[in-house]
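Per-chain numbering from 1; labels A, B, C and D assigned in written order.
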Amino acid sequence: MNRLERLFADSRGTGRKALVVYVCAGDPDLAATERLVPQLAEAGADVVELGVPFSDPLADGPTIQAAAQRALQSGTTLSAVLAMVRQLRQGGCSVPLVLFGYMNPIVRMGLAPFVTQAAEAGADGVLVADLPLEESHTLGELAQASGLSLVLLAAPTTPPGRLRAIGQATRGFLYFVSVTGVTGTRAELPADLPAKLREARAASSAPVAVGFGVSTPEQARALAAHADAVVVGSALVEALHRGGRDASEGLSLVRSLAAAVHAAR
Amino acid sequence: MNRLERLFADSRGTGRKALVVYVCAGDPDLAATERLVPQLAEAGADVVELGVPFSDPLADGPTIQAAAQRALQSGTTLSAVLAMVRQLRQGGCSVPLVLFGYMNPIVRMGLAPFVTQAAEAGADGVLVADLPLEESHTLGELAQASGLSLVLLAAPTTPPGRLRAIGQATRGFLYFVSVTGVTGTRAELPADLPAKLREARAASSAPVAVGFGVSTPEQARALAAHADAVVVGSALVEALHRGGRDASEGLSLVRSLAAAVHAAR
Amino acid sequence: MTPAETVHGRFGPYGGRYVPETLIPALEELEKAWAEARVDRGFLDAVVTDLRDFGGRPTPLMLAERLTAKFGGAEVWLKREDLLHTGAHKLNNTVGQVRLALRMGKSRIIAETGAGQHGVATAATCARFGLPCEVFMGAEDVRRQSPNVQRMRLFGATIRAVETGSRTLKDAMNEAIRAWVTHVRDTFYVIGSVAGPHPYPTLVRELQRVIGEEARAQCLQRFDALPDAVVACVGGGSNALGVFTAFLPDTAVRLVAVEAGGEGLATGKHGASLSAGRFGVLHGSASSVLQTDDGQVAEAHSVSAGLDYPGVGPELAYLRDVGRLDVRTATDDEALEAFQECCALEGILPALETSHALARARDVARELGTGKRVLVNLSGRGDKDLGHALAEIARRRPGATT
Amino acid sequence: MTPAETVHGRFGPYGGRYVPETLIPALEELEKAWAEARVDRGFLDAVVTDLRDFGGRPTPLMLAERLTAKFGGAEVWLKREDLLHTGAHKLNNTVGQVRLALRMGKSRIIAETGAGQHGVATAATCARFGLPCEVFMGAEDVRRQSPNVQRMRLFGATIRAVETGSRTLKDAMNEAIRAWVTHVRDTFYVIGSVAGPHPYPTLVRELQRVIGEEARAQCLQRFDALPDAVVACVGGGSNALGVFTAFLPDTAVRLVAVEAGGEGLATGKHGASLSAGRFGVLHGSASSVLQTDDGQVAEAHSVSAGLDYPGVGPELAYLRDVGRLDVRTATDDEALEAFQECCALEGILPALETSHALARARDVARELGTGKRVLVNLSGRGDKDLGHALAEIARRRPGATT
């Protein structure tokens, strides 16, 4: 059982809701990310998704596209991200880490080498934005064998039967995409989202995290009531980018999000 | 018998060669042309061709095109040219006058009114650059009836049978075009031109004038030996245009041409 | 020969051969060569093959469903000459004439052009047959139609920018005739419309009549009837006669010729030689000509360079006189509106010339009413007009109503 | 299904459906709708009629006599997709997909475009069927291909200039996918080549295979034999598969795929995904992708915007692997030379994309030798390239050798 699975196993008993935060590894550079991750955990993030920058992030909105662009410009590669994870773990950071990326860099490294190195470095989960259920078996099996969770996504367009299949196949948690759309903050989330999340939780034995579009503590609190975890990405990436090398605005956002999420039941 | 026919009838006996000069009526304006014509006659021109300016002079080279353009800009019309001819005759000018133009202004005025007015005004001949033998019958008959000579043209491309037909149908004289081309001065004239002129004279009972490209007294003298008349156009138009309102350069060209032509036998 | 050709080379009082004597033997040679070629199976087959493989014939007949719905009257059918190689009906003519030039042993081709479509078609055809080609084009048109100038150059043609007169099509044709006079022995002059001295009006009509022959057969095959009206724009008249000729004997078929109304007939700024011209002689034939009271040829005006011509083919003037043509005009504004309408509703970018036909097709469709059919000759595509048309549209926008 | 499609949606290791989960149901809906439509006579007849009347099919097969003579080897035959409406083979695909969208009740069309040819074809088709259309195009391409932008606007399409990444085709496709994710329920995404997630590679191939089927029949009819080689340029691969598919079982027919060699493979500035790409995932399918050692997708380079793409259709990658393709490249310089040669010798202005195929057709013709025949897919016309190509030619002139 990796850190991610342990986290949710623990909170399942207590009903405690988890805050998952997304940052783009290497934005503005990997040294900054390495300093940041423990601070995020300290500020209340229960899980950190480390975005692996990709040249063609077709599931991402402008905020995360720009972050990936900055990370690539600073020379960030998949191998370097894995090396940073190893450093974090050697430095004693124990927050569950999920690598969030696209398929091509993984394919380029090779699925097996990637999984082996990711697990060895100390990652807990992998989430691939352009890897739907049908294409996920090989990577899923390799991950399983190395103790990594391959987290699958479900969307508002996913029909019931398929939702069940994804719910069965996912590991760590089920990532439920709140909106039909790309990543990015939304002023309003769909009215039928609670109902959708009920269906998702019914369809899966894995905990359900809801993400895409969540930016304010109010949204997070409201959603946490209907899910096991809430994911915040673009809003944090934006706050961190605004601060430049000063992470305080981002960290205070995480603190208020954590308070909101952790207060929910 | 009009002045043109009388001229050639007279010279036929003596073997005297005639100089035909072309000026564009209305270039730079009709008053200038009216002053010029008697001076041309005095300088030795035996026949004056009065160009009637037309917007689309497709048989003319750049020199005469430009002259026609200037004439049109000064408001010259076919009616005004005819009025000027009347004035010239009333003023006692007796040089044979040939109207040289294109078909459309004549058609617009009406063939019969044109012929009647031209004859009444005192013109002797008509030459239409875009009226070949086949299209010439109506105008030819009307002209004949009014005592006007419809002068036809033959060209180096005209085959023998056709040359004979044109030679029969033309009145006043046969205008033999020296070159395949538009009006304009030429440094050299075709080597076979004397032979061509021999054929033309054999094919026609009318006197033969040769024109297009003749600009110098030397050329005129050489050609006069093979024809009944030599026509000079562009070179004179150019000389007159260079002089502006001062016709002296043009008139001295006419004098030297006349000397050359009249010296030939 | 169509019924319209009353006497050899004459259409009633129109037609004939009003050119300098120098050209007469060449015209006779051409007439004779064409008379031989047009009954020579080998020649005809070669032309048919060229038009098929090089040109893309047959061109389709298309039901314009959304224009039909918008007009709310007769069904609108489009004869798609815009799909012909180089983008207009012009190629039908150039292929035949250049083949004829080869047959006659001519070593050099000249042509005049306005919008550049005839020049491009001639240049492309000459490239294919390896003949040198010189195209005369008004300097003003060279400026306005630069993509077509570039195409002609790529096809290896030499462009002669004509600086005389209004520096448009009329002057280009004057200059082409002058060049022909000068090099008449080895040069073939490919005239681009049913104008010029005999035999050109007949020759070009015979080469273009394939449009109407195809369309007539396609109509019979598609809806088992003839169209109730046929509409075409008229510059010199080649696409109009091209589509009309096959329907001339079908007296129940209304033939609608649409001229360039420019800024309106009343303004004098237009290209409507049939509507507002008077008997005259231009470029070698007698026809209906825009001219002053004094017999000077007027400058035409049209938003479309291809209709910007003060003359018209003699046969069309004759067909007008005998009542076989329904002659109309469309203004610049109306043409630009029809241009946009055809793009937006049918996904076809028509030439500005063609847009004049589309503008009046609307009225004809309404006059005929539902259950009837109007055939429009879509004479060319508007790629060449993009920049110019959009600028003209933008210029009108402040006061536009559409 | 062709022999190449080993497992549903897979061509050997290539193909698949690598997209966000949100799109999977839409892809399944599309797959199902296509499976039904492709056996529905009414649907197929409607597409055939559209392609005939709106598109201009069949396109001709033409013997290029002067190119043949110049090359001095096999006869060169051209399949004239340049004559298709809007100027390239792209319309074969858009007509089928937009008809499918109508059948599926979709109310809105989106598309990506590079050179603008697919965008123009989509916009024209949408205009004809009355569907709103949005086209994503790299801001750099918007600048480079302004006539096509103007055409799309006239056809009523909205252009979304994409400012991300290299601001070319790759980024336009990213953005189109993002827009699709966002409006997936009512929106149909018309992909322009045999790329993207399953079923697009198959769907587009099936819609484009008409090229090869027509050409194969025309070859048999014209010279009673199959060609010895078929040559096509490859961007995404739709015109290549369009012409190749009918010949896949004819193992004696050499299939030559010509990629953008750009400034030369050694410089890294090219678009040769088959020649120099590595296994990867781009825009929803696994294929051969130009990429860095780290798995970032490389920026492609080509003088022709339509070949300026770092990916390639999965089926082509598979056909390469199994040895059915003869994969070659042509550099920018070679393409520009072939572009001029085709203009000057055949009177046909080819697209710059197509010019790559023409450049290598020369070698293939020579390798085959006289008595043999090479079929070249003339995928599009070069009107859109005039300004750009002439500038590139002029830029090279000082040091040019031709």
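The criterion applied here is as follows: a residue touches a chain if its C-beta (ideal position, glycine included) is under 8 Å from a C-beta of that chain, and two chains touch if they have at least 3 such contacts.
Just so we're clear, the structure is a prediction, and the values are computed from it rather than from any experiment.
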| message | Once the contact rule is applied, which chains count as partners of both chain A and chain C? | response | D
| task | Mind checking the centre-to-centre distance between chain B and chain D? Centres are C-alpha means, answer in whole Å. | result | 67
| query | Between chain B and chain C, what is the gap in Å from one C-alpha centre to the other? | reply | 38
| message | How many angstrom lie between the centres of chain A and chain B, each centre taken as the mean Cα position? | response | 98
| What topology does the chain contact graph adopt: line, ring, star, complete, or other? | line
| query | What chain-chain pairs meet the touch criterion? | reply | A-D, B-C, C-D
| Complex contact set, residues of chain B against chain C | 54-62, 65, 69, 72, 77-79, 102-109, 129-135, 152-159, 162, 166, 177, 180-182
| remark: Residue set of chain D touching chain A in the complex reads 16-26, 164-165, 170-171, 174, 177-178, 181-185, 278-284, 286, 289, 291, 293-297
| Residues of chain C defined as touching chain D within the complex | 52-56, 59-63, 66, 80, 83-85, 87, 123-128, 130, 147, 150-151, 154-156, 340, 343-349, 383, 386-387, 390
